[in-house]
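Each of the next two complexes has subunit A plus one more chain, namely subunit B in the first and subunit C in the second.
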Partner chain A sequence: MIIVKVGGSEGIDYDAVCDDIAQLVSAGQRLILVHGGSSLTNEVSEALGHPPQFITSPSGYTSRLTDKRTLEIFQMVYCGQMNKGIVERLQMRGVNAIGLSGMDGRLWQGKRKKAIKAIENGRTRVIRDNYTGTVDEVNCGLLETLLDAGYVPVLTPPAISLEGEGINVDGDRASAATAAALKASDLLILSNIPGVLSNFPDESSLVRTINLSDIDDASENFAEGRMRIKLLGAKEAIEAGVQRVVIGDARGANPISRALAGEGTVIS
Partner chain B sequence: MNTTECPECGGEVIMAANVIVGEIIECSDCGVELEITSLSPLSIELAPEVEEDWGE
Partner chain C sequence: MIIVKVGGSEGIDYDAVCDDIAQLVSAGQRLILVHGGSSLTNEVSEALGHPPQFITSPSGYTSRLTDKRTLEIFQMVYCGQMNKGIVERLQMRGVNAIGLSGMDGRLWQGKRKKAIKAIENGRTRVIRDNYTGTVDEVNCGLLETLLDAGYVPVLTPPAISLEGEGINVDGDRASAATAAALKASDLLILSNIPGVLSNFPDESSLVRTINLSDIDDASENFAEGRMRIKLLGAKEAIEAGVQRVVIGDARGANPISRALAGEGTVIS
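Here is the complex of A and B:
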């Protein structure tokens, strides 16, 4: 079983991703796809007159300020256009894909963070109108039922809170939680760079392997922005029993097969 | 400059005149984190214990 997370950044070729999935599934590979949608969400937010706002936590992590209206736009993009666009591509290639969000069937359940801290113009403040959280539980029963029946799940944030509210969650960490819960052999995190770069954005500075014991150092020394979250997700997955995480490139042909062959940054 | 009393230790909390609602400041006596919950009248409470936000 493999879990594949493909980011929503610009430059991702979803036709190539789906071609590869179709090939792997027809060869018998059990697979779940998780996708993002951040770039398109930014565009749609601007078009709807509710431009995206990003906040920085005291430790330097950047994330989308997700008030109620932002969550609605997020759902339109992630659950709507992105998710159904991928399901359509897969169905056209003979893959019986089923698109679900973490909210559906409580696939991804977690606590909503009712208060978070953010740094703005050098000041720290509390933000309360924020619909974000982390995935604490994965509905393995539902996923296994779908997989056993021959479906290929295509999953997306948002997740669902204990109280039933939609919550924005990090897709890489949600993928890691899914891989861990289902005891996947591999978690592939694919985006628009070759892997972890020791000298971002120089793509020739690809770090080919990282041992579990070195992840914290790698994160501190040369990971920036969302890559730090990807490395955190990788660490969580491996500590929970996933054998290998590959952070690789979703651009170009056969991105999943190439990652399975070790192209990218292999973490174990 | 505004001043008020720390709800934790009773010490004097001094803050800039341009603080905003929701801002976190620290009591210089006991170091506890405080949240400004209102400006008129000025009021502060212990800041909530919160985690980092790593939404998508």
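Here is the complex of A and C:
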């Protein structure tokens, strides 16, 4: 069983991703796809007159400020346009995909952070109208039922709070939680760079392997914003028993097969 | 087993619909909800600079002109904002809802009408960049698996073509096809009027019962645009073995229980 996370950044070729999935699935690979939609959410938010805002936590992680209206736009893009666009691409290739958000069937459940701290001009601000959280529990039964029946689940944030509200969760960490819960052999986190770069954005500075014990150092020493979250997800997955995490490139042909072959940053 | 269709028109109280579902489901009622999103799709289409266009077929039915961009906006609103908004409302009431479009798992499959005829200023025009169709096959296995596992399916157009493309289908007829395929006892089609009106829009002119053999006459004599499609769906459902169709009102408290009690236009 492999979990494939493909980001929502520019340059990612979803047709190539879906070609690759069709090949792998027809060869018998059990697979779940998790996708993002960040860049398109920014565009749609602008177009609908509710421009995106990002905040930085005291520990240095950047995330989307998710008020109720942002969550609604987020759902439109992630669960509507992106998710159904991918389901359609897969169905056109003969893959019987089912698109679900983390809210459906309480697939990804976690606590909503009702107040979060953000650093703004050097000062700490507390934000309350915020719908974000983390995935603490994965509905493995639902995923296994669908996989056993021959479907390919295509999963997307938001997740769901204990109270039943939609919450924006990080897609990389949600896929790590999914891989951990299902005891996947591999978690592939693909985006629009070749992997962890020791000298970002110089693509020739790809770090080929990182050991679990070195993740914190790598994160501190050379990972930029988004990559730090991917490394956090990788660490969580490996610690929970996933054999291998590959942070790879979703640009170009066969991005999943290439990551499975070890192209990118391999963490184990 | 009952199938409840709730339209996407103004004035519909989705909180009341979800309150009612929570009560019915906790009392053991097996239920599938199908929803619309037409009015919100119009708003979002305007806001995104791709205003909605409607066409009238030679036989007098009005429908949304669905080019590729319209389908994308349609998916954003129906599968994203509306579907997840309803799933959230149900989850907050303790109902384990799962939102699916007709594309997911090929839930609603049918032929895409690649060329459709429209009447414009008295002349017939052929439109080709169009993604619409009808539901010819329902994936009962998927729905039964979810129902047996205790989930409440929340279904929305689009459906999927034989080739795997998203196609806009009429929600009333899709719920009729679902009710027929699952041999539901009741199909409740709820919108923002009390039922079939013999003198539209005079709400005191409610027609309390229609027999199957009188549907065509009713449709011709006093049903306005949207109601003609509901009557067509009702006819298709009854002919396929559904015991009773109620066309009722989704405004106000307990709209489903009221329809089950026979409030609205009862067709059998």
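Throughout what follows, the second predicted complex is superposed on the first by the 268 of 268 C-alpha atoms of A that agree within 3 Å, B and C clash if a C-alpha of one lies under 4 Å from a C-alpha of the other, contacts with A are read in each partner's own complex, and residues count from 1 in each chain.
By definition in this document, a residue touches a chain if its C-beta (ideal position, glycine included) is under 8 Å from a C-beta of that chain, and two chains touch if they have at least 3 such contacts.
Quick caveat, the model's predicted, so the values are computed rather than measured.
*Asks:* Touch check for A:D104: first (subunit B), second (subunit C), both, or neither?
*Replies:* second
*Asks:* Tell me which partner A:N130 touches in the superposition: subunit B (first), subunit C (second), both or neither.
*Replies:* Only subunit B is touched by A:N130; subunit C is not.
*Asks:* After superposition on the shared chain, which partner residues are touched by A:M92: those of subunit B (first), subunit C (second), both, or neither?
*Replies:* A:M92: touches subunit C, not subunit B.
*Asks:* Between subunit B (first) and subunit C (second), which, if any, makes contact with A:D13: first, second, both or neither?
*Replies:* Neither: A:D13 stays clear of subunit B and subunit C.
*Asks:* Show me the subunit A residues, by the header's touch rule, that subunit B contacts in one structure and subunit C contacts in the other.
*Replies:* none
*Asks:* Applying the document's contact rule, which stretches of subunit A touch subunit B when the two form their complex?
*Replies:* Residues in contact with subunit B: 36, 38, 55, 57-59, 61, 63-64, 66, 74, 113, 115-118, 123-128, 130, 132-134, 157, 167-171, 173, 229, 232.
*Asks:* Which stretch or stretches of subunit B touch subunit A in the complex?
*Replies:* Against subunit A, subunit B makes touches at 20, 22-24, 35, 47-48, 50-56.
*Asks:* Which of the residues in subunit C come into contact with subunit A in the complex?
*Replies:* By the definition above, subunit C touches subunit A via 44, 47-49, 72, 75-81, 83-85, 87-88, 91-94, 96-101, 103-106, 141-142, 145, 149, 151, 158, 160, 163-166.
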